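The two complexes that follow have chain A in common; it is paired with chain B in the first and with chain C in the second.
This part shows the complex of A and B:
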């Protein structure tokens, strides 16, 4: 029994990463109908920035994270204004998608040039990522608990913004009907830029919180991005909570499959999931047809 | 318009005549001056110079230099994972190649020829490796492919190398099929196959820890390479002790499920066939989940970076390598580290990846020297096969090649992390 609980917990920890990246992707897609292929790399750069501030500029841990998040937000603002906004006016979203691919390549190479290819350890205060508690036969890593709490807090903040603020109202309006939202006087460019920034901050949190788990290495968040993408497909690209639920579900499926299924199937799991979901419910498990949220 | 064209042609014709005339005048003036000083000696000199130039012409006619070889340069190509999660290894290998190139060129080159190489990124993607090979061979006209990383990637490109008569030299790749000289006569390596490595590990385990109570788990990459790794262990004297086999994918974000399986199986020893970052993550997660066992890392795990990332968790971990510890104290290792640090290497780049590339470079230099001025693929291969007891300064045991064996090194070296550094326990366990 404890074995199942342990595997479920391990799956959940991975699922938190997929859920957060899935949320970041869905946020931008739902509001602006844009797939941000640079999300993973942007999240990874946040991790590198936090490490740089802490390890090389001797900033306290919390301040380093704050600086990294500020730089992430500012950088995303610039990227959106310079690369995405000019193309939005063309009215064709394919060039924007290609642009995000280009931004991803650019950022990946900048990251490689600046920090190199060697993996680094992201040290946390008190090395709590090396502390494990034994609760009966169940083992709980202290940093995994931090990951869980951070995920919960992040989701709560995003939920508050979506449901309780003007920005959130604007995002929902644009998600529902872009033309009507514009007619109501909601500025598309304002909603777009802050959606992108919020999405990048969610990604940044993911990149920082998972750096001690995955180590800071070139493209370390790209694998998470791919699985976050699968999570968004699983949950539905038009459902914020669907993206989150999809991520958690994917994490669990992955953990249990690796443990019990033949290895060839475990490797193909993400592809199989996408295939099945697209066949049966192409709009996602948690999205009704016509783009309304089921959850 | 037509008249202008005719005028232009006429001018060019006149200029051409002048050029030819002046050239003839210079030759005739010099010959006339030499004739005036000593007509007999000049005629004998001219006859001897004529015969030596004809010998040279004959020699040039006989020696058709290989593709990628000129009078002053030998060009190599190298497909490396410069991006992706093996980017560190590619970076390390390229640095070692630069060190080799600079050492050779600063010494005047080999037979007057300088070494150059081109690197293309393949991100450990076999498709990209193939397109890189096409680029190297068809567009850059390289002499050979040097120090690539990865069995899957090289396996994809090797048919192209062989078809185009391009040597594949000293890669960090260990698929068993590479070492068949009949199928791959242009493949040279100092890196034993993964099969031999785990076989050596299994033999060492039984010799030193016995069989009572020993249960072994293997975690290998989900590929042919991984299957050969498992088979090597099964063919060792410890083969019967295998109780659990797990695999990992390049896109794995956790090894938790595999570790839990090992715990369920009650393993006492786990062999982990991964890179250094993955091994560190494995040690971290094993500690988190309470797997208590001896951990044995493969060649790719043996680096200062493993210790840096895993910290105290790496203490006592074993390594199964094909080469001495990069941090050891031997003349060859000291020279390697000195050269690497002089080239700007960080501590984390003193690793198996760079040391293998560096050692391959030593052998490459020897092969090129022995091949002589008339560097063809045939002379190069013959030179390689003639190498016996090649001293690497203690990096490996003396290397021996032959027409039947293009793998100069069959060592398996067992190391252990002691006091924060990799220390050699046993050398030459085959």
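This part shows the complex of A and C:
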């Protein structure tokens, strides 16, 4: 029994990463109808920045993270204005998506130049990522607990912004009907840029909090990005909560696949899931098919 | 000049020009209808005034200020408010959030005021304020769509085809209520297929056919026999 709880917890922790990246992807897609292929690499750079400021510039751990988050937000602001905004006017989906791929390539190479290709350990105060508590036979890693709390807090903040602030209302209005939202006086470019920034901050939190788990490597967030993408597809790509649920589900599926099937199969699992979901429920597991408009 | 003035307006989608040089004047506080058959270009004209489309040629001025090609948000700030065709409520947002969107970027106090006015006029919306707008009936959605315009406090109101998809009796009620919902000095340009209804409410009208104006006149000339407009709509002798 404890065995299963252990596996479920493990799946949940990985699931948190997929859920957060899935959320970040859905957010931008839902409001701006843009797929951001740079989301993973951007999140990875946040992790590197936090590490760099703490380990190489001797900043306190928390301050380094704060700086990394500010840089993430500011950097995303600039990236959106420079690369995405000029293309939005063309009104076409594909050029923007290709542009995000270009941004991804660029950022990946910049980070490779700066930090090199070797893996580093992201040190946390007191090395608490190496502390394991035994509760009966259940093994709880202290940092995993931090991951869980961080995820919960991040989701709560995003939920608050979406449901209680004017920005959130604008995001929802845009997601539902772009033209109608414009006619209500909501500035498209304002909503779009803050959605990008919010999404990048969620990605940044993920990149930082998972750095001790994954080891910092130039492309350490790529695999999380792919799985976050799968999470978003599971959730139908248009539902924020669906993306989160999809991430958690994927984490569990993966954990239990490793238990019962060869490890190699677990690596293929996300692709298999996407295949099945697109075949059977292309609108996602958690969203209803769009009904007919009511007259 | 005050009011809305459109001169030699040309608009297209891509290379396809659909409005071929249209002139429309609506004096301050005047109520004018833009009539025409399906596909005549009426909605395109409205969307261009409200900034969703950019004119390829010509000018649009409101109270003397050039507004052609401005972005919709700036126009809303000036008081140019459109009630879109097909109501276009946000189906997943509840009634109150739909109204809140109409107050976007403005003070919450103003909103409370507007909200009270709206709920007084349409008590059913107050009853359903926590319900998703997509679950409202067509008539209630039209109430909501008009209410958003009330909250936005228009100076120039553009109403696109209220009769679309609604029972004729209901539409008639909405037209009868219009004068009550918006202040007398709101300038109104109303797009409608149903000439009979529009003529009762508007003092003048234009008829648009294939992107060109084919007729303009005082409503009183046709109010007793709106069917006489058929030939203008269709371009044949009816």
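Going forward, the second predicted complex is superposed on the first by the 285 of 295 C-alpha atoms of A that agree within 3 Å, B and C clash if a C-alpha of one lies under 4 Å from a C-alpha of the other, contacts with A are read in each partner's own complex, and residues count from 1 in each chain.
Note that in this section a contact is a pair of C-beta atoms (placed from the backbone, for glycine too) under 8 Å apart; a residue touches a chain by one contact, two chains touch by 3 or more.
In this text, all values refer to a predicted model and were calculated from it rather than measured experimentally.
Novice: For A:14 in the superposed arrangement: first (chain B), second (chain C), both or neither?
Specialist: After superposing on A, A:14 lies in contact with chain B but is clear of chain C.
Novice: Does the superposition put A:281 against chain B (first), chain C (second), both, or neither?
Specialist: In the superposed model, A:281 contacts neither chain B nor chain C.
Novice: First (chain B), second (chain C), both or neither: which does A:85 touch?
Specialist: A:85 sits against neither chain B nor chain C.
Novice: May I ask you to name which of chain B and chain C touches more residues of chain A?
Specialist: B
Novice: Contact-wise, after the overlay, does A:182 reach chain B, chain C, both or neither (first, second, both, neither)?
Specialist: A:182: touches chain C, not chain B.
Novice: In the superposed arrangement, does A:33 touch chain B (first), chain C (second), both or neither?
Specialist: neither
Novice: Determine, under the contact definition given at the top, whether A:170 touches first (chain B), second (chain C), both, or neither.
Specialist: second
Novice: Can you check the complex and tell me which residues of chain B touch chain A?
Specialist: Contact set of chain B toward chain A: 82-85, 87-91, 222, 246-247, 249, 251-254, 256-258, 260-261, 264, 276-277, 280-281, 284, 287-290, 305, 308-309, 311-313, 346, 348-349.
Novice: Can you tell me which positions in chain A touch chain C when the two form their complex?
Specialist: 166, 169-170, 172-173, 176-177, 179-188, 293-295
Novice: Given the complex with chain B, which residues does chain A contribute to the contact?
Specialist: Residue list for chain A touching chain B: 3, 6-7, 10, 13-14, 17, 108-109, 112, 116-121, 127, 129-130, 132, 134, 139, 141, 144, 213-215, 217-220, 223-224, 226-227, 255-256, 258-259, 263-264, 266-267.
Novice: Help me check something: in the complex, which residues belonging to chain C touch chain A?
Specialist: 50-52, 71-73, 76-77, 81-82, 84, 86, 88-93, 97, 100-102, 104-105, 134-138, 141, 148, 152, 165
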